[in-house]
Amino acid sequence: MNTLASNAKPTSILYLDGVSVSFDGFKALNSLSFVIEPGELRAIIGPNGAGKTTMMDIITGKTRPDSGEVFFKGTVDLTQKDEAEIAQLGIGRKFQKPTVFESHTVWDNLELALNRKRGVFSTLFYRLTAEDKERIEEILSTVRLTNRKDDYAANLSHGQKQWLEIGMLLAQEPELLLVDEPVAGMTDAETTETALLLKEIAKTRSVVVVEHDMGFIRDLGVKVTCLAEGSVLAEGSIDFVSADPKVIENYLGR
Amino acid sequence: MITSFVLKALDRNIVWVTALLLVIAALVPALNLMTAPDHPLHIPTYIVSLVGKYLTYALLALALDLVWGFCGILSLGHAAFFALGGYAMGMYLMRQIGARGSYGNPLLPDFMVFLNWKELPWFWYGFDMFWFAALMAVLVPGLLGFVFGWFAFRSRVNGVYLSIITQAMTFALLLAFFRNDMGFGGNNGLTDFKDILGFNIQSNGTRSALFAASAIALALSLVITSGIVRSKYGKVLIGVRDAESRTRFLGYRVEHMKLFAFTVSAMMAGVAGALYVPQVGIINPGEFEPANSIEVVIWTAVGGRGTLIGPIVGAILVNGGKSIFTAAFPEFWLFALGGLFVVVTLFLPRGIVGTARQVIERRREYRKVRQAEAARAIAAEPQAAE
Amino acid sequence: MHARLIHRFLQCLLVAFCLTVTLLATDLRAADDLRTMVNALGGGNFQQNQKQVEALAKTGDPRIVPALEALSEGDLYQRKADGTVFIVKPAGSNFTLIDAVTGDAAGEEAKAALEKIKVNNGLRRTIRAALGGLTLMSPDTGVRLQAANTILRTPSADALDGLDAALAAETDGTVRAVLEKARAASVLVSDRPVDEKKAAVATVVETGGRDSLSLLSAALATADESLRPDIEAGITKIEDRQALWAAGQNVWYGLSLGSVLLLAAIGLAITFGVMGIINMAHGEMVMLGAYTTFVVQQIIRTSFPGLFDWSLAIALPLAFLVTGVVGLAIERGIIRFLYGRPLETLLATWGVSLILQQAVRSIFGPTNQEVGNPSWMSGAFDLGGMTITWNRMWIIVFSLAVFAFLLFLLKRTPMGLQMRAVTQNRRMASSMGIRTPWVDALTFALGSGIAGIAGVALSQIDNVSPNLGQGYIIDSFMVVVFGGVGNLWGTLVGAFTLGILNKFLEPYAGAVLGKILVLVLIILFIQKRPRGLFALKGRAVEA
Amino acid sequence: MSIKRRATGALLAAILSTTAFHGAFAADDTIKVGILHSLSGTMAISETTLKDAMLMLIDEQNKKGGLLGKKLEAVVVDPASDWPLFAEKARELISVDKVSAVFGCWTSVSRKSVLPVFEELNSILFYPVQYEGEESQRNVFYTGAAPNQQAIPAVDYLMANEGVERWVLAGTDYVYPRTTNKILEAYLKSKGVAAEDIMINYTPFGHSDWQTIVSDIKKFGSAGKKTAVVSTINGDANVPFYKELGNQGVKAEDIPVVAFSVGEEELAGLDTGPLVGHLAAWNYFQSVDNPANAEFIKTWQAFTKNDKRVTNDPMEAHYIGFNMWLKAVEKAGTTDTDAVLDAMIGVSVPNLSGGYSTMMPNHHITKPVLIGEIQTDGQFETVWETPGLVVGDEWSDFLPDSKDLIADWRKPMECGNFNVATGKCGGKGS
């Protein structure tokens, strides 16, 4: 499989090969390998402790792998970079638990997320330009928060926070988006909305969605990778994967 | 660019307080110098130098608030920067004594003479020039802050670990400055100052001038700090405080953000120290006491962490209280002080200013809701009419 | 302590002597002859009295032993009226008089009617030497040992005959060894022929130890050419041996300092390490523990002097109780409102510490209070070339015991299980029916209680004053953080590492610089391991 | 808005109540005496006693009818062992409370911190603690011992009576020990002691782990020559030091320790059993046997309602200083500073060690020097005493830069650092 992957490497947007990491003896990832093509929307499922979040930690530079390769756009070695660099390369990440700046207004949250110079002094003397205003307004409407733009993020509902965070990712204009359980704790209405939103986003950039909600995955209707015990169990269409006995026994079974 | 920076800084409260400070800076010296001692409005020199001291403390608290209140870095070593600034100024004042010391040695300060040092240590050079000393009062703390922060933030030391090593830092400096071999006068520190920029340091004029300087310095730093925290950079700082990892994943270099704030704050503390020393007339290693740093934290908390005016209020209140209690009930003032801290933490978790602001905001919210309801009611009227 | 010991021995020995002597004595001077000599002690200044004591010693008459004893203890007085000298025992406002020579009771006198015969170090030394000579033949091994040792400390040529006689008679091994050495020492200062001295040097070198060094270097000053090389060789030989032991001694000092740090920090390892409360009042808990010990000892001193050696044992549970209760009160009254706001706990507990300090100050006063060492905690013993003081040794043992107890409590008891459960996941724990508020309260009380019993131990080596706690609070935090917050083992290792490190730096850098270096090292170390020595890894911490 | 009001309100409150509070006190029919001793913080341990002593003395004087027909009134403040606060409080006492004289300070740094204040506001300070000398200031009277009234006689005694040839100078690392040891070193060398027979060691404040140092002392003492330790170790560190000495079996007969900062107060925290024979040099011991002292002790123990309460040398210094002040004020007929300053010089009052102490023109006083040995009961027994009184020498003759300096505050000289070599006031004179 590695060989197969390696010739996919140059064309891929994200490329993991034989990535392993362990905390105090517990193997969180066990030679995990998979490839995301440009413009692809990929769903990743797997039981708790399958290593989904750890995988994201490694891609975004939060955790260093013990072994294995992680490449962005086939050329950039992500294991050598830290969070900020990777974010600036154009990889956005949405956390499992919605993390927004609660003591800032919705507007400020987006303003901070905007893909502009991020140095100390350029932020210190930053002035909001007309185009930036426009861009923020635009995102606000995409994530349906226009009417709350002056409220503190702390006062948003759970779902709205999730959306705000997605909005922040958009503002960041990443080429690759990692989304961790976007619909956790959302109403069905919100869930379907979110599915639409993600498909919308996936038109312009590659997206990796980690999710438990099978219904949601179906809505997305995309290629699915199932992780278990830190390595890939099965890969393919949702029906193919959910038919796989290993998957059933390991995941859907319960 | 700068103008926008300043303009953003000046929100209503800041304008008020800055104005107030400037008024005090002018009024207090005037009342002290121009009115006769028996005049009802006369402000005795004792009060001038006392309040002048408070103002430098307020500046120190403001500096701490920048890193603690807005960036979540709890420094238990800020008194170190204060003291370093103070020492820089103290060294200048020592050099000014010149041949007027007990031994009339034109070059060496007394403490060096009677421990028979032969020549001036290299790090005392240049301190006979005011501009140099003033520069050092800012640069030395700044540099220490920068180096310390560069290590600490790069290796992502945070939370209590950071707090404790800042404490270790000031404690180490304390011990170092106690050593007489260091050449800073050991436990006795630097004292017996004669004059500053040629003016007798004990004359009322000089005291008033120093007072004014402190008030203005505080006002200036207030504007700067407010500019910093209201800029986009400031918003990032607050972001770091509330959700550090999120800021990272948005592509901000958190360590740089922290480092800048920490260094600026250290420099402000240095300035405070430099203004403090000529007003109290002594600087000794006691200023490095970890307890002092903790007190600064307490002033800030009492006044209101994360607000700009809070630390100023807190510093002045706590120290004012201290001055009164130590004279009023010398035996029991510690009960009062200790009690105050407990009460504030229990009943005013956001500090005095923080709580006040909270109350105001609540009322504003409430009013907004009421207006909204009223509006809807009016809108509803005509339909009802039909 | 030592002096009293000698005294007791001499009491019993005295009886024995008075019998034997009165029977066997052939050419003893008359009692009144002695008395005049003793009385002569009255008028004289220190120098004259030294002569007088030597004269008395020359008589070799054991009946003067108690008088000399009394003199060095400061119990020898002169009656102003007639200049007679008596041994006195205080009896209320009066003194009971005891005849200085016969030891018969001689009535009472008002204190005013008597004048103390002053004594200083010089005089004490002379007396010690004299007694040494006089008690070499004592039937009591302990006394003989004492005597031999005194001669060893103050060797003199004219002690030689006595020593030879004693050696001839000596049966006990240890005493014999000392006598040998004492003899050698005396030979060195005598005018005996060189070869005899050479032998002496050999004996001294053989026994080694610091006192040998001083003997030899003393001899070196006066020795004639032919002897010098031997002595010099001997000195270097002993010094080499000493150097080896010195290293061991240093480790020991390190351990002992470490044990103090451990004691100071271990309570904090609970309140701060496990509960995450930045407990600035920790030092005051230690202080309260020390004061409890003081109070206990006061009561014992006044009411049950016999129990004094037990005072610490009695103080331990009490200290634990007192500080535990105070801790409980603090937790219930203040801290429980502050969970999840660690920084606020810093403020509140700082306030509490101020209050506690001032409270103690106004109750007990600001000055140091005397906390005595029970006999089993005073003095020292030699282990090869190292001196080990009992109190340090017991404190090391004690600190380890406390650590073990705590470890057991946390890891092996249901209470400990609950504590860990609550500190790890409050909500989950409470939903499982654990009464979290009480677990919190008890945990904090436990931490405070441990700090309290630490105070009992620290009262043995440090000031007992309202400032006691302040001296330890910073070191405690350093230790806990260095070891890794929330990890008891970390605290243990951290404490001993810092202790030993400090003690190895001290000889080279000096006490002050040593401490500074340690602090800098801690700062640098935290850069390498931002979560201390024993850090928890994995996702849990990152969140 | 409201915030601003709070700020100003607080400020004014602070100012007003400070003044107002003391205003309440300011009655004209009393003479105010300031007491500037730390009642909290690290120095409270030593200074609180002096505060009580002063209150007692003032109390007694009022029983005797006060001064100039007015009652004396004590104004107590707490500078809290915080040196800048000393300066602030001194200023407050003088300019707000209008006290006629201040009795206070313990550490040199606290004295240094208040000096400029007394100079500026021209008031009087009585400083009761033995100190390093090298100072003589117009507004300060030094009633404690100068180095030549403590250190040098002690060394002389040890040389003469104990035949000491080898010296350990152990001290806390601050100015008093540093200076004293410099002086002693120079003095010892002038007495022909070789450099290798002098060991100097400094430790931080409140040093509590003495194992290494005590064993070093033992090592140093095992060189065959009679060895003694001259300790300038500061208050708090002494208890652990002596405990370690006792436990490591350093006997006074072998290596005597003579201390300059250990008095009855410090010993009160110790079991002195193992320490019998170690020495201290002071100008007063509680054990001194004469009626005046007996009376003083009785009053003191009555005043503190504690019949175990000990007295010490700094208390005696305050006793002397206070009586001198009374006498001077009566002589001058006013509490006006300048008049009193003039009247002070030459004033002579009985001290508690059975003689008279006189205020010299250099603002230091004459005292007897006593050497005492520690007894089992925590008291000292005088084993030696200077035949006459010793004049406090502010500028040591054993320091190169100060041997030419003298102080004389009488007119016309009125100079604290007159250089006899250059004949100019102001050190070397520039």
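Brief remarks on what is shown
A, B, C and D are the chain letters, set down in written order, and residue numbers restart from 1 in every chain.
Everything that follows uses one rule, which is that a contact is a pair of C-beta atoms (placed from the backbone, for glycine too) under 8 Å apart; a residue touches a chain by one contact, two chains touch by 3 or more.
Since the structure is predicted, the reported quantities are computational estimates derived from the model, not experimental observations.
Taking the CA centroid of chain D as reference, the farthest chain centroid is that of A. A count of contacting C-beta pairs for C-D and for A-B identifies C-D as the more extensively joined pair.
Averaged C-alpha coordinates put the centre of chain A at 73 Å from the centre of chain D.
Centroids of chain C and chain D (each the mean of its C-alpha atoms) stand 30 Å apart. Centroids built from CA atoms put chain B at 43 Å from chain A. Averaging C-alpha coordinates per chain places the centre of chain A 66 Å away from that of chain C.
Residue numbers of chain A whose C-beta contacts span two or more other chains: 62. Residues of chain B in contact with two or more other chains: 175, 178-179, 245, 331, 334.
In chain D, 39-40, 173, 202, 204 are the positions where the chain touches two or more neighbouring chains simultaneously.
Only residues 272, 278, 280, 334, 337-338, 341-344, 346-348, 350-355, 357-359, 362, 470, 474, 477-478, 481, 485, 512-513, 515-516, 519-520, 522-524, 526-528, 530-532, 542 of chain C touch chain B when the two sit together in their complex. Residues 74, 151-152, 155-158, 160-161, 163-165, 167-169, 171-172, 175-176, 178-179, 245, 290-291, 294, 297-298, 301, 331-332, 334-335, 337-342, 344-346, 349 of chain B are the ones that touch chain C when the two sit in their complex. Per the touch definition, chain D reaches chain C in the complex via residues 39-42, 44-45, 48-49, 161-162, 173, 202-204, 206-209, 211-213, 215, 218-219, 221-225, 236, 239-240, 243-244, 246-249, 251-254, 256, 265-266, 268-271, 273-274, 276-277, 373, 375-376, 381, 383. Considering their complex, residues 1-4, 6-8, 10-11, 13-15, 17-19, 21-22, 39-40, 76-80, 82-85, 87-89, 91-92, 95-96, 107-109, 112-113, 115-117, 119-120, 134-135, 173-175, 178-179, 182, 202, 204-205, 399-402, 405, 416-417, 419, 424, 426-430 of chain D touch chain B.
Within the complex formed with chain B, the chain A residues making contact are 60, 62, 82-84, 87-88, 92-93, 95, 99-104, 108, 111-113, 115, 118-120, 123-127, 168, 172.
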